[in-house]
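Once you scroll down, you'll see the structures, which are given as C-alpha cells.
What follows is subunit A paired twice: with subunit B in the first complex and subunit C in the second.
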Partner chain A sequence: MVKVKSYKLSFIALILLLIVFFFVNISLGSVSIPIKEILNSLLGASTNESWQYIIQDYRLPKAITAILVGSGLGISGLLMQTLFKNPLAGPFVLGITSGASLGVAVVIMGSSLFGGVLASFLISEWSIVIAASLGSFLVLLSVLIVSSKVRDTMAILIIGLMFGSITSAVVSVLSYFSSAEELQQYIFWGFGSLGDLQWKELKVFSIIYIIGILFSILSIKGLNTLLLGENYAKSLGLNIKQSRLIIIFATSLLAGTITAFAGPIAFIGLAVPHLTRQIFNTSNHKILLPAVFLFGAILMLICDSIAQLPNTDYTLPINAITSLIGAPVVVWLLVRKRKMVF
Partner chain B sequence: MKYKILILSLFIVVFSCKKDTGITRELPPINTKKSNIAYAEGFKVTKNSNFSVLEISNPWPDSEQTFKYVIINKIEAAKTTFMRDEYDGIIVIPVEKIVVTSTTHIPALELLNVENTLVGFPGSDYISSEKTRQRIDKGLVRELGKNEGINTEVLLELNPDVVVGFGIDGKSKSLNTIKKANIPVIYNGDWIEKSPLAKAEWIKFFGLLFEKEQQADSIFNHIEKNYLEAKKLASKATSKPTVLSGAMHKDVWYLPNGESPEAQFLKDANTNYLWSDTSGKGSLSLSFETVFEKAKNADLWLSPSYYTSMEALEKANSHYTKFDAFKNKNIFSFSATTGETGGVLYYEIGVARPDLVLKDIIKICHPELLEDYETFFFKPLE
Partner chain C sequence: MSEQNQNIVLETKELTIGYSSKKEESIIASNINFDLHKGELIGLVGANGIGKSTLLRTLTKVQPALNGEVLIHSKPIESYNAIDLAKELSLVLTEVVAAKNLTVFELVALGRQPYTNWVGTLSNNDITIINIALTQTNLTDLKHKKCFELSDGQLQKVMIARALAQDTALIILDEPTTHLDMYHKAYVLKLLQKLAKETNKTILFSSHEIDLAIQLCDKMIVMSNDNIVSDTPKNLIKQGAFNDLFPKDLIVFDENTGAFRVKK
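Our next item is the complex of A and B:
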C-alpha cells in the first residue's frame, strides 16, 4: 500500500515537471519573445503577428511533437527490452529504425529508379510515412520469424544487427544511383528534426501514435507475464503468439511513424526505459509504461530546448543533443546504484 | 619500399639523362614573369623562358597544401628533364585529351573551342552545353561513373593527358590511383573562390592548358567588362529591394552568408540582402523563427533551394506561404532552367558567365533598368 502511494507522488511530480518543461520549451527559441507576449500569443491575442505565428504554428506543434516522439520511442524501447529479455534492445539496435530508413530511402531516392506508376504513388504526400512504417514492420517481423528458430537472446540481437546492415547496404546502393538533390533530402532527413511538422501532419501523427499507445496498453498484462519466462507464461494461459504480435505491432507503429515524421532519433528508445527502471525500481509494466511515457516526453522537451540554442540564430541537430544529455545520465544512475534493474 | 625504388629509378633517369648531350637539365628560372590574374586567389602562373609553373594554392576549404605543376610545350618537353619530385605533375601542352569532373569546366572548354578534347566525364547527364551534349550523344565522351566515385579502369583505358579533378578534402582515392598511373591530376579550386569574377577567371587556367592564353584573357576581359557595366547600371537604381534567399531542409533554413559569391551578386545588383552583414564559411543554417521574423516582409525571394514551383514549395512546408514574397509571387529560381538531360544550367554556365547572372538579378530587382533584357537563368516560380 505504501509503495503505491509513493508512486502516486512521483507521478504527480513528473506530470508537473512535464507541464513546466512544456512551457519552458515554448518560451525558448531563436527569437526572444517576452513572457507576456508568449501568453498572449497562445491565447491568440498578441499584437505582433509574426510572434503569434511563431508561437502558435511553429513552437507549439514542435513541443507536442517532442512529447509524442520522446514518449513513443521510450515506450517502444521498453516493449522491445521486455519482449527480447535484453537490456540492450531498442528500436535502433533491432533494425527497426534501419527498416524505416530503407522505406524512406526507397521513397526519396527510388522514384528515379523505378519510374512509372510507382513513381506517382511515391511522390504523394504521405508516402514517406507509409513507407517508413512498412519498412520497420517488415524488418521487425523478419527478425521475429528468424528469432523463433533460435532460443539464444544474444543471437536474436545479432540477427537484428544483421538486418540493420542489410538495409543500410541497400540504402547505400540506392544513394549511389540517386541525384544530388535526392541524396541531400535523405541526409537531411537523417539528421532528425522536431520542428518540421505542421498541424496537418501532426494530426495524422497523433492518430497513429494513439493507436500505437492503445496497443501497448493492451499488451501490459502480456509483458508482465513474459517477464516470468515464456514457459511459465504459457502455463498461466497466456497466448504467447498473440501477445508477441501485439507488442511488435505497437512497436513498429510507434517507432516507424516517429522515424517517418521526425527522422531517426537516436538514443531515447534505449535510455529512457533504463532511466525509469533505475528511478522507480520496479519491473511492473503497469507502473513502468506511464513512467516511461512521462520521462521520455520530459527528456525530449529538455533536449529540444537545448538544441534550439535559445536567443542565438542557430540550432543544433536534435540527434546530437539526445545522446549528449542522455548518455551521461544513464551512466551516472548505473554507477550510483551499482547494479542494473532489469 | 616503393618510394625507394621510385627515387632510385628517378636518380638513374636523371643521371643517365645527363650523359645525353642533346638534353638539357632544367634551366634556372630566368625571365620569370607572373601572369596577370586579377581576381582569382586559388591559382598562380609563373612564366619561365621555356615552361610555366602553375600553382594551385587552395583546392579545397582549409587546405594547407600548394600544388605545383610544370606546364610545358610538347617540343620543349622533349629537350628538358625535371626533378619530378619537386612537382605534383608535368603537363605537356597543348593538351589533346582531357577529362574534367565538374560541369563548371565545360563552358570554359566550349568558350575556348576545345570541347573536342574532352574524352570522359563522370555523370555526363548533368552536362547541358550544346556542343558537348552532341559529342556525348555521339558516344565521343565516355561516362566515368557517378558523383565523386570515378571509374578508375575506364579512366586508365582512356589515358588522358590530364585529369582536372576537384577535391572536397584531398582524400579522393580514385584520383590518387590515377596519379600513380602517371596521369597528371590537377585540382581545380574555382568553387572555393569568393567572388563571381574570381570564379570566372579560372578560364585562364584552361587557356594555359590549351596554349590559348590570349584567347582566354580576351574572353575574360569581355565578361569582366560586361559585369562591371551591369554593376554600374544597377547602382543607378533608386530603390533597394530587400531580398530573402534559400529554403528549409526539415526545420533548418540554409542561406548564403554575406561573404559568399551569391551575396556578392546581390550586393552588386544594388539590393538589400537581409543577411549581407554575416560572414563565415559555407551557408548559414538558421532556425525558422529567425528567418521568419527578419524576412517575413522581404520584397523578393531568390533561389528557394531546389523547388521549381509555388505548389511544391507550399507542399513541402506551409510556413513558406506566410512570407510576403510568397503571397505576392515574387519568388525567382534558376532550378527550373535545365538542359536536355536535366542538368541545371546555372550550375554549369553560371560560373563562367557571372555577367549573365548579375544581369538576371538586376532585371528581377530593377526591371526598369534592363527593359529589353530577358533573364537567362532565373525564372519566376509558377
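Our next item is the complex of A and C:
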C-alpha cells in the first residue's frame, strides 16, 4: 500500500482547490458583493438582506449543484469506461444522457397527452427524476445487451450515438404535439443549468445522488476485478451479473438525476476520468473514485464560474462551456496518447 | 489407497464434453478418465480443433459437462460456489488484459480478490503471499513497472504470478506459450515445472509444444480423434500415443528423439 501514501499529497491539494473554487464560485456573479459580506451572508449575519438572499438561496445551492453534477458525471464516466473497457465511454457518448432527456421530454411535453390525474402527478420534481433515471437505465441496458453481442468497442459508441438520434427524433415528434410553453420549457432545460434548483429540489437531488455514490463505492472491488477482463473476473469468483447491475444502477441514478435537474451536460463524464489519470497514474478504483469525485467537482465549479460571466448581466449556457472545455481536452488526449491507457 | 486419494486434486469420471443446444448435442469427446495429483505438471496436447479448449472450459466450470463428472478434491465441481472455486482453481488465459496501466504488483494483487473484503483491502498476509508469488516468478525487480512496459514473455510471467497469488491447489493455463519465442517457450514451461515442484501445486497447461512438454511434464494428456489417454510421457511414447496425433502425410513422430520431424 505504498502507492496510497504517495497520493496523499495530491488528495490534500485537490481538497484545498475544491474549497478555494467553491468560494470563488460563490463570490462571483452578476452582482458584485464584497468578500467580507459574502462570509457574513453565509453565516446568516449580513446586514444587507438582498445580498444574503442572493448568497444563501441562489449562489450556495448553485455551487452545491455544481459539485454534485461534476463529481457525479465524472464518476459515472469512470464506471462506464471500466465496464465497457473503452476509454471513450461516458454518459453522454453512450447515449445515457439522451435516454434521460427522453424521459424528461416525455414528462414535460407528454403530460398534456396523458392529461388528468396523471398529468398532475407527472409534474412533481420526483417524477422528472424517476423518468430521467428510468430513461438512462433503459438506454444503458440496451447498450449493454447490444455490447454483449457486438464485440467491437467502436460499434458500441456508434450505437450510443444512434440512441441519441432516436431520442431527438422522439423529442421532435413530441414537440409537434405539445404547447409552445412546454416546448420552451424543454428547450431551456436542454441548455443545461445549475442555477435553477431551490433547496427543496436540491434535497431530492442529493438523496438520489448519495444512493448513486453508495452504489459506486460498493462496486469498487468489482471494477478493479473487471480490469482483468470478464473471464478472469469470473475465475476470481466475481459475480459478474450482480456487479454489472450495481454499476449500471449507480450510473443511471447519477447520470439520470443529474440530467433531470441540470440538463444534458456534455463531456464532463468523458473528460474528467482522463484528466484525473494524468495526475493519478493508476487504474485502482479505490484511488480513482475519490480523485474523480474531487476533480469533477472542481472542474464544474470552474465551468460555472466562467459561465456566470462575472459582473455582467449575462449568463452563458453551462453546456456550451463544458463542451468548449471538454471537447478539446478529449481531442488533445487522443492526439497526445494515441492509445489511451485506462 | 486412501492416501493416494488425498493426493488427487482433480479427476474426471466418464466425462463427455461438447456443446448442447435445444435441438441437438454435439459431442466433442467422450469417455474421458484421468486424475491429476499434487505437485504434478501436466501437459495437454492435441491437434487444432480436437477439443483442448472445450476440455479446459469444462474442467474450469465455464461450460457444463454433457455427461460424467469433474471432481475437485473428490467433490463435484458443480457443488462449488464461485468464491470457493476461485480458492481451488486459478486460470491463465490466452486473452490479453485490457487495463495495462496497472503495475505488476497491482495486477498480481488482484489474485487475492477471493480473500479480500468488500472493498478489496490487502492484509499483511495478502502482501506476503503476493511478494512470494513475485519472487517465485523472478518478477521482484519489475514490481513497480506498468504492464504496458513489459514484453510478452514478462507479461505471461505476471499472469502466472497472479494465478500463484490466488493460492489455489490447481492452476490451469490455456496455451501459455503462444506468441513467445523459442527461448521464452522453454523458459515458461521450465518455470511451471519448478513451481509445481516447489509449491506442490497441480499445474495443467495446454500447448502445441509437444517436444518441450515431453521433456518437462510429469504426465501428459494426449487428445486424438479416437481417444484420450493420460500417462507419463515415457509410457505414452511406448504406447505410440503420439504417432496418431496428426495426419501422417507431412510429419512423423520420432520415438528416439521425442520430437516430430518433417518427412523427406
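Observations, loosely collected:
Going forward, the second predicted complex is superposed on the first by the 320 of 342 C-alpha atoms of A that agree within 3 Å, B and C clash if a C-alpha of one lies under 4 Å from a C-alpha of the other, contacts with A are read in each partner's own complex, and residues count from 1 in each chain.
Simple rule for what comes next: a residue touches a chain if its C-beta (ideal position, glycine included) is under 8 Å from a C-beta of that chain, and two chains touch if they have at least 3 such contacts.
Model, not experiment: these values are computed from the prediction.
By the document's definition of touching, of the two partners only subunit C reaches A:Asn281; subunit B does not. Of the two partner chains placed by superposition, only subunit B is touched by A:Ile54; subunit C is not. By the touch criterion defined above, A:Lys203 lies against neither subunit B nor subunit C after alignment on the C-alpha atoms of chain A. In the superposition on chain A, A:Gly263 contacts subunit B only, with no contact to subunit C. Contacts of A:Gln185 after superposition on the shared chain: subunit B is touched, whereas subunit C is not.
In the superposition on chain A, A:Ser235 contacts subunit C only, with no contact to subunit B. In the superposition on chain A, A:Lys8 makes contact with neither subunit B nor subunit C.
Overlap of the subunit B and subunit C contact sets on subunit A: empty, with no shared residue. Those residues of subunit A whose C-beta lies close enough to touch subunit C in the complex are 1, 3, 82, 85, 217-218, 220-221, 224-225, 227-229, 231-232, 234-239, 277, 281-284, 286, 341-342.
Those residues of subunit A that touch subunit B in the shared complex are 29-31, 50-51, 53-54, 57-59, 62, 125, 176-177, 180-181, 184-185, 188-189, 191, 193-196, 198, 200, 263, 308, 313-315. Of all residues in subunit C, only 60, 62, 81-87, 89-91, 93, 95, 97-103, 106-107, 110-111, 113-114, 116, 118-120, 122, 127, 148, 166 touch subunit A in the complex they form. Partner subunit A is touched in their complex by these residues of subunit B: 146-147, 149, 248-252, 284-290, 292-293, 296, 306, 315, 317-319, 322.
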